[in-house]
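Below you'll find the structures, each written out as structure tokens.
One chain, subunit A, links the two complexes that follow: it is found with subunit B in the first and with subunit C in the second.
Entry: the complex of A and B
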């Protein structure tokens, strides 16, 4: 059976979110902070989502929290052995199902990059903390109506209306949203009396919205050969030093990134009680590679920038035999205090690997070409129903394992 | 812009004498520049000075120890250089300072707030800074934002728009304003409980990226920060406000009498947390106690880095 598209008037959106909040922890992008500063962040609040501005952070933390307890521990005197302590371990309670409404499609694609890492490829054990949340999180993205100057999803296979990794695609049309289910879970959350059936006219309006959004994207790029180009630059310290000159070695890029997945584990104890935490780490921090001996194989910020870009476009796709570990959301450019542009670094790396392109130091017009013919989504009604897409399955699909 | 062209001439003249000249160049969009490291004459063509030149160029100086560099500085940047010199963190003979009359830099948060009804700054198809206004073209429509409305708060109260010291100066010196620490008033009228909940709310957005720390030209611990120390393990990695606020308070206290108010900590914060306020409160306290403003004189030792049996401004005997 084809899945039926729905429509919700903007005025009814909060009612529907409130209805969903009875079954899910509903996360929405919300404006927070002072008027002249602040940010758009994902909060577990099912009301008034900020849909006119791209969220400052990615939706990553809904499934992969900034910091999460892996276990709690307690040392107690051992009744059987005087003077000895016994260790009591407790796994924290699992949280319930999540639903994210209003994330941009690139944020949803970000989870497809995280999946192979945590799903356990090639027979390895999966990460139960990640997988539990992943399988219990419904993603309802809103198609972007306009690209920002920092957006480059079309460099890495995305689009403002990409449906990849989504349960529902919402497109703003006619004072409301067209809601298209893409998975059985998506269909399930659209089963509400508050939603109206969408007609042909609304489908057409959505299609023209997608086309209009595609046109706002900047020039595309031919990423062919990026893996090899970055590998060839591995020992070119001068290249990375020049590119990293303005870098602060802070964690803005990695912490706002929808695809950065590195973590640290620390035991946080007070007296005999404590918690083992897993928290985000960043390859831009010097401690990230600090070894117990005191030696640090990545001594300077140039080596760290090389790792971040190399990992995204060379080592990760090679390791997992899959997509680039970048969805082109552009947050690392937009929020970088030095406004370091990952696109410019990639363009230069590609130009250096293509001698025919001429002068390697320029922005290499030969590698930048107009955006490919816009790929526009077909209405969801023509999409086949995916069979039971659980998180592990998504992970395996993405990893080609 | 006449001053920008004059600066380019000075930079070109200095290039043969230095390893590089640090200034500002084109960023990923036209609203905000990027720090720019010039080594070849042809690179000077793209040099920018103006409201888009937000970053503090002094941040990079300690990295260039042993090399000679020239630096284009706004008034606030020059105060950071003066402070680095006062603390002997850089050598005077290794830096050449190029000053100019700064008319203030743009605040991206203010631009975003004023564009909000129409879209967000990243949607601008065109952005041109004029003498008095920023012209933005968005969805085919031109929007005019007066510079006075989008200038960073630190610029509105800036007492030193010209470099406090320089080896070269382009243009005519501009007049400064009085800094009366009015930015602290709103918080200080709050009860302690309200003030604490203000910080709890603001800090809840912190992602612990430490851009505030790394953007600070006077954060000298660099890779040996209290926030990431493993032994002793001062801060937990929990995603709670108390650890985040503890770091901010540590940072602010470490900067007492040293912070020049350049505001890079706050500008760098992706979550828009007003972390400069904490340092401002301490700057005012140090001014009151010791009559000292940081970064005005490369020769003066900061009061908390020295010791006097009897402080000039603290009359203990009169207590």
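Entry: the complex of A and C
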């Protein structure tokens, strides 16, 4: 495919988004509140995207809305049988194609986690609502210019300029954006008279922007063996109680997460008409698994935190034989009101699983490597983790740096 | 080119897995003070003619405006006049279901989940151990086996309930007690006037009955506490985990392995279950 990049001057960005809005419902990250305050959320508005701050929420709502009607129902008196009512079920009309401009690469990778779930597991039917929207959504990510202290995409195979799952990668360079198509759909949306051809200099500028961003990442971690480590810790109630002690069960981690996909199905009705809704749910809520009998398999918050982390790093990769169900966006850390840090839990879990205790000179957690330049890839031979067989391998997660 | 082209495919003709089929309630049976059985059939004649399921599979019953809940289909696929579901009144949906009358419309998504290994059980002796509403999933397999009686060896049923008033399936029970080709033992938790059967907790009565594990498979369902002690009793009698089958219940929503709430580790009760051997349960994380 022709990988010829395009360039859009910053001043023309809104014109191009407006042009795209004729064909797509264009979503951009936008300030929800006043000028410089408030959360950055994805809104269906094709203008002035907020690109200076990482969106507070993930982009999942574009394809998997917070709440959506699955069907509408209507009961009418049955003309054939007195006293009986007939029942009519209608599936709402599908919405048109979507385009997201300005999501961080981790949000796009989040959809790659959701895809195998919603495509139908073990011969089950796929989720037609998700699949229709997903197949018609174009993703234009903006390479991150710097990592936040909460970012850990490089722990789980991502990078500030990862192209995985994208149709177009946009990189902010002098006075505008380099736009690189990655799929036929990406090529299509770059077919605009408003865009200029990118030159060698602009490509080079983008490359140094990616490298500069890589350097802002915090220490990396070797996630090899996380699946087994979490499995081994399943019955260690003390570990999970300690880790979950500060959790308020507010569910913000799941709601902002690009890979949390659990949902509830509820009915709302007025008289004989109503709607069946599918809405986000959270495994961090106590009622999530509560049965009508009163029995609850995950009664305490320790069991629920264990499930959330276990699902992302153990159950999901086991079931789908693929990547971890975490893209390292760090929102669950940044927005947690009690500063629960999933990185710390994982680091402890991995340390417990690795027989490094016999080396008292190690003061740092066994899994954390020094804040190195990811491009250099110098083996961290001084760390006990690198001495373990297979530790040098990246496991199932491939580096996209 | 990176692996970015892996966008999932949407087939416009693919079925909508959340759209229930409309069914009509044919009959409502008051089983106990808090259990009712509902017999229903699909309104669409073609869909009804094509409908098939295997013993142990689940259905989602919808009362539009109230919600959807999961129940085992407890009629047998060998008896195709209706589908039967037994509902214990416990929460919002079950309470609303108890208000259904013959002729009412209801939504059905079925069949869901796996089934009892009824083909692999051919030639085996069976011990059914059902407690309370846990008799419902036993019933579908038991009726199937009675309708294919020569395929199976000795059949023993141990059915327990709190009191004589807490037994369901009065008509079936009468038949099961009379039949010469199966042994039926009923038990209640504590003595009651006029009760002619056993008194005692299910695991204790099971131990007294002492079924031989030889060429035998035990199938059990009931409240968690009963299951726990029944499993212990079976192991003491010499049954190995591969010889014990149970069927689980969890809170479910989608029924197709997506929504996330019925997981036990990486297993989903709605697609990997509801039927599991005790050996399978032992290999899973301990979160029942």
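Basically, the second predicted complex is superposed on the first by the 353 of 401 C-alpha atoms of A that agree within 3 Å, B and C clash if a C-alpha of one lies under 4 Å from a C-alpha of the other, contacts with A are read in each partner's own complex, and residues count from 1 in each chain.
In this text, a residue touches a chain if its C-beta (ideal position, glycine included) is under 8 Å from a C-beta of that chain, and two chains touch if they have at least 3 such contacts.
The model shown is predicted, which means the values in this text are computed figures rather than measured ones.
Trainee: Which partner chains sit in contact with A:224 here, subunit B, subunit C, both or neither? Use first/second/both/neither.
Mentor: A:224: touches no partner chain.
Trainee: In the superposed arrangement, which partner chain does A:264 touch: subunit B (first), subunit C (second), both, or neither?
Mentor: Touch partners of A:264: subunit B and subunit C.
Trainee: Using the superposition on chain A described above, determine whether A:65 touches subunit B (first), subunit C (second), both, or neither.
Mentor: First partner only.
Trainee: Comparing subunit B against subunit C, which has contacts with more of the residues in subunit A?
Mentor: C
Trainee: First (subunit B), second (subunit C), both or neither: which does A:87 touch?
Mentor: A:87 contacts subunit C only, not subunit B.
Trainee: Now for A:236: first (subunit B), second (subunit C), both, or neither, which partner does it touch?
Mentor: A:236 contacts neither subunit B nor subunit C.
Trainee: Same subunit A residues contacting subunit B and subunit C, which ones?
Mentor: On subunit A, the overlap between the subunit B and subunit C contacts is residues 264, 266, 268.
Trainee: Any idea which subunit A residues touch subunit B in the complex?
Mentor: Residue positions touching the partner: 32-39, 41, 52-54, 56-57, 65-67, 146, 148-151, 216, 242, 245-246, 248-252, 254-256, 264, 266, 268, 275, 277, 279-280, 282, 285-287, 330, 333-335, 337-341, 343-344.
Trainee: Inside the complex, what are the residues of subunit B that reach subunit A?
Mentor: Per the touch definition, subunit B meets subunit A at residues 27-29, 32-37, 55, 59-60, 107, 109-110, 112-113, 116, 119-120, 122-124, 139, 202, 205, 207-211, 213-215, 222-223, 228, 230, 233, 236-239, 264, 266-274.
Trainee: Per the contact definition, I'd like the list of subunit C residues that touch subunit A in the complex.
Mentor: Touch residues, subunit C against subunit A: 1-12, 14-20, 22, 64-69, 90-91, 93-94, 103-105, 107, 224, 249-251, 253-254, 256-261, 263-266, 268, 271-272, 285-288.
Trainee: Tell me, which parts of subunit A touch subunit C in their complex?
Mentor: 1, 70-71, 73, 75, 81, 83-87, 89, 91, 112, 115, 117-122, 124-129, 131-132, 134-136, 163-167, 182-184, 231, 234-235, 261-269, 274, 276, 278, 281, 283, 288-293, 295, 297-298, 303, 307, 310-311, 314-316, 318-319, 400
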